[in-house]
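Okay, so subunit A shows up in both of these, paired with subunit B first and subunit C after.
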Partner chain A sequence: MATKFVETRTIRTIGAPRSTRTRLITIVVLVVLLGFAVALPYLGTTSYAMSLVTTIFIAAILASSVNFLVGDGGMASLGHAGIAAASGYGAAWATRQGMDAWGQVTIALSITIVVSLVYGVLSMRTSGIYFLMVTLAVGMVIFGLAYRLSFVTGGENGITGIQRPPFLAEYWMFYWFILGIFVLTTLLLWVIARSPFGASLRGLRDSESRMRSLGYSVASYKLGAFMISGTIAGLAGLLSVWHTHFISPSAAGVHRSVLLIVMVILGGVGTTFGPLVGAAVVVLVENVLSNAVERWPTILGLIFILVILFARAGIVGSTQKLIRRIRRRRSGTPPGDTDLHQETAIPDGELTARKELP
Partner chain B sequence: MKSTKTSARTRWAGAAGLSIVAALALAACAPPGGAEPESAPSESTASGTLKVGYISPITGNFAIAGQEMVDGWNLYWELNGDEVNGVTVETIVEDDAGNPETSLTKAKKLVESDGVDVVVGPLLANTALAVAAYTSSVGIPNLHPVAAADDLTQRAANDLTVRTGSQSGSQTNYPGGVWAAEEGYKTAVTLCPDYAFGWESCAGFKQGFESEGGEVTAQYWFPNGTSDFSTYVSQIQAAGADVAFVATAGGAPGPDFLRSFLGLGLADSQPLLMNCCSMDQATLRALGSEIEGFKSVSYWAEGRDSDVVREFSDAYGEKYDGKLPSANVAGGYMTASLVAAVLKENGLVTGEDLVSAITDFTFDDSIFGKVSWDDYNNTVGPVYIREVKEVDGKLANVPIKTYEGVDQWLGKDPEEALKQPSYSQSFQG
Partner chain C sequence: MLEPVFLAQQVLNGLSFGALLFLLASGLTLVFGLMRIINLAHGAFYMLGGYIGVVVAGLTGNLLVAVIAAIVAVGATALIVEVGLLRFVRGQELPEVLLTVGVSFVIADLCLAIFGGDPRTLPLSAMITGSLQIGNLTYPLYRIFVMVVAVVIGVALALVQNRTRVGAVVRAGVDDREIISAMGVNIRWVFTGMFIVGAALAAIGGTIGAGMMSIRPGIQDEVLLYALVVVIIGGLGSVPGAAVGSVLIGLIDAFAKAWIPDLAYFTIFAPMALVLVLRPTGLFGKAA
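Then we have the complex of A and B:
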């Protein structure tokens, strides 16, 4: 029975048949959106607007690394800002030593891998609230180091003057670069989530004890997931210092990690484009709405509460649910036991699977 | 199953191919028009307006200090009108919540989208350094009304960044040490917050004290967020030094420390010197007459007998329920009066001209006293040893001794000072 259950889930998640029309529509919409994103610098946008959009994409890359862990692995991390900051500090330190861009990338990514390994090894045997606490603690350690090791990190003052490689110097070139990285990481996470590895991760999320009794090494799967997620977070950290030319301990603070979780929940846990939408909402409220409204933190809080109350699957997740419901009503399927697996990323697959299975 | 999978893959490959082709096609076109430099400054020059972008943490943990900094700036223009010598000063205030990333985005917004001629602020050291690095890269002057980070006018100094309304952390406290030694104290113990501002403050005091032959016997550090100071007060008591120097970055720690200090009955037995921010108006209002006679060292003294100070604090009191202005308000007001004075002398100046107009200027009767600027764009001005006294029914910090023309080099020459590492727990100069 148990074997069968796992099997069905796995099959369904790998290659659930979707209606060709839905697929086509999705792909066309995605291509149009991507085309729009690529063309954005030509559409009369100011350099400030482009810089905002770049910020959103970088935040989205970081949020999608958290989303991957929460959505597929069921592991909510409160320490991802720490990983990103460690990588950023690596790049900053490399700049201070007079290294070129490749030196920065090498140092930043090696630090990322080491830090992710530390996080992963410490947290791989925990789950739920304990996982949260371990990642929070390691994040605090990184914040503490950034704050106190002033001969390396500049302490509270941070490090300024970090330069990105010359071929990315112009803001629009950097924007395209970031867009490319975003597309690549999103694609990568999408593929991983649909691989057998991703299926096993979801198995872990749903029942650790079952996976263990089936002979899976739970800890190594968790470590693997954390390494993937951590590496992407580190990449986002490096891109972030290339964008701001600056890093200080506040980048590693709990505040940033919490905002990442907020982005993921706002967008929709486990959805492919949830992190992007969530990041856009948070960054825009923080940077644009705050120009007009003095009490913008209240607005952000209200948006969060409203989403939790009325759209628990997040903005993207709930939109998907809504579309599904409308379509179902049109096709005449009676409304009933809807959305048993609202967290899975493939809405249409679920529907068709349910229709076909009986 | 299998066929679905393959066809999906093919489609994805197709989609990817399509988008790459689209990207290449677009990339082959001319670079986007947004790449052209902004021409906003020259426009506003023509219209006789100085556009000012003012960044301050109006929300978040530093909201009180941030709001005060804005109040000071606004108060000056309300009192004197926002037109000087035919130039209208237009201010856009932005909130950065004390977060460097937001600060930077706001600075970009002000420069690239609003086309401001000068950015004033922000408040915190890390936000100030981040914004200063950006504004100097785009050729916009950046004035700092409150930020105290040494590096702003030392290792990270640049031609376009000026400290206008405060002094650096070590600079202000150096005369404090000199004064303590001159008072005849032979040994001292220090307590400072455990981060850059605290390290700089204590380094300033220590070097001043030792330059006059004193000896610092113990240095204690408290983490940010400390609210119970009783253990630190006991340590100070146990150290048994002739004088204790205590610095905080403002806010709750000042009153919290003093409550423990008074609670343990040290007020009469342990001589104490505090820094600017631990003995500001918020502390005086919180503790009242209990701390009459307490001494502190700062570049700002609201109880100084001077027409400009009186005019400023009367106007501030009228607007804010009889309160006296704190150092943050004074920093904003000082920067505004400086900008006004420079505009009056030179007409409309922007860019590097504005910076050189400020740094060549000697502000003889500012609210801080006689202030001029050094080659690294830092203030050179008086530092006051102040005592809490009642003036017209209100407690104020009244100067009892003035050190004129204090610079940021603590008695060294600039090259020598810049060669040493940044201050930390382990390096105090």
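Then we have the complex of A and C:
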């Protein structure tokens, strides 16, 4: 179990200094994009398109919770849809009991924390493929419960008529709310990834045995990471039922969890905005392309295979690489250039070929 | 609930379902043991094998021809997947697994396109009909036949692995890839061969299993999960583990469906969770 996970580039980018100009450009681009996102409802966008964009942002929140685990922790979860669905069912059940929005939030988040704890405790001693299978299996338990415990979950038909709080009733209000949550969770994960906790997590990802011999409690770090990721996934699950007013067992299915991993890989593992880009591609293929082409799962599968074979860094990661390469060529590679230093700090081959020491 | 006839019937149900699970799980676990790949397209191979088996059985009325056709078709697919895709990401755990996920998407969707969405079962003309009668107990012969097939294949696998040169090469490959390739064995083709054997076992399971439960869209995820649970309980890479795990899960599943149908799904995962907490490498697994 010593071979490498998906190639990630965070180690290099974090410590290394960036030129102030790069940072300035990044900030300006982000502000412009955010401004555009905020102004979207005013730009004559139809309510269908707004709903689609809202779906993308919710999927992006969920995908970024998976991205955090895979990118920083090296733990590929195939069960995150289960956490989101459990939270959604909590909110749905609370609605059926006649609770108000706060009741829904309380129930949904308590269920999220309990479920994440179950996932975390069962998976914290495993890594690699075993982690993947444990999360897959726990996700299937949730799917099974959603399917069979029909007196709570409504069985195959699911639960309809879930209402969001009155102040979010209009679709554009809800859109801004989702946008706000997306920005907050992205910031939060960005900060956590750059905290000492995040650094230890990447240490675990790169070599569990070395971290253990340095005195780190591997299992508790993994549990901690899972709790953070699970809570965000649960939040996304709640937002999702507020958006669609509906939940059914398929929300917990393996297929959803697999799509989340697809989003993360497509966007670029370990990149800040990879989940958003990946979510956009997947949601658009699923909702728009499916109207035109009947065989969209084939197309999605082929895109996925091609990305894994030829663009391992994902869309965002590959673009970053490309920009860096173009800029270096233009500036004629001055010696001591920080970007160059970043590029060569860890050669590509070493990342994939290096084996963990016993 | 506890009458002898009922109990005997559930035991037989459990054993025959366990036999089907063994056909599935043995392929998964053999491939993992040698190649360290969890083939998440295994369920899709089962599905493809099932559809082809059902169609050919309908045309010829002969189960053996159907099984052979399914093995050839699925084996060819596996060859393409292994040589055309998996070789490019050899040794990289996550990309390998995820590639098989992509393959599973494509195969399942193409199956839907070609064979349609209706559930398919083996035509009666190709099945062993009739039933076994012991006292008050009647039991379909076909399910007994499935058990026999699983035992025969299990014994054959054990003999090949322990008594032949091919088996020795495979065992050596499991223990130390570098040494066996240094001794002049082309381990890449051993991998390819094993991947095809695993897929062929899934194809046999699919065709024969189509007489017990229908092949339909979504079946690939369902059988894959049962197979995963079995190999996690038995220990990844261990064929005896797969046998024990299959019988265990088959029996638990049969009794749970009869006694507590509301929790039928939950009951197969509870033992898995227990095994994972107490013995993370599974009952027969070696530490990774």
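Note that in this section the second predicted complex is superposed on the first by the 317 of 358 C-alpha atoms of A that agree within 3 Å, B and C clash if a C-alpha of one lies under 4 Å from a C-alpha of the other, contacts with A are read in each partner's own complex, and residues count from 1 in each chain.
Everything below uses one rule, namely that a residue touches a chain if its C-beta (ideal position, glycine included) is under 8 Å from a C-beta of that chain, and two chains touch if they have at least 3 such contacts.
Keep in mind the model is a prediction, meaning the values are calculated, not measured.
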Fit-or-clash call for subunit B and subunit C when the two complexes are aligned on subunit A: clash
First, second, both or neither for A:147, with subunit B first and subunit C second: both
Partner chain in contact with A:122 - subunit B first, subunit C second, else both or neither: second
Touched partner set for A:35, first subunit B, second subunit C, both or neither: first
Subunit B versus subunit C as contact partner of A:292, first or second or both or neither: neither
Which of subunit B and subunit C A:302 touches, first, second, both or neither: second
Touched partner set for A:138, first subunit B, second subunit C, both or neither: second
Shared contact residues on subunit A - subunit B and subunit C: 147-148, 255, 294-295, 297
Subunit A residues touching subunit C - in the complex, by the definition given at the top: 1, 3-6, 76, 121-122, 125-126, 128-130, 132-134, 136-138, 140-141, 143-145, 147-149, 253-255, 258, 261-262, 265, 294-295, 297-298, 300-302, 304-305, 308-309, 312, 352
Residue numbers on subunit C that touch subunit A, as the complex places them: 36, 38, 85, 88-89, 91-95, 97-99, 101-106, 108-110, 113, 221, 225, 228-229, 232, 236, 261-266, 269, 272-273, 276-277, 280, 288
Of all residues in subunit B, those that touch subunit A in their complex: 1-2, 4-5, 8, 11-12, 15, 18-19, 22-23, 26-27, 29, 31-35, 58-60, 94-95, 97-102, 104-106, 108-109, 111-113, 125-126, 129-130, 132-134, 137, 149, 151, 156, 194-197, 199, 421-422, 424
Footprint of subunit B on subunit A - complex, ascending: 11, 14-15, 17-18, 23-24, 27, 30-31, 34-35, 38-39, 41-42, 44-52, 55, 147-148, 150-151, 154-158, 160-161, 170-172, 176, 183, 244-246, 248-251, 255, 286-287, 290-291, 294-297
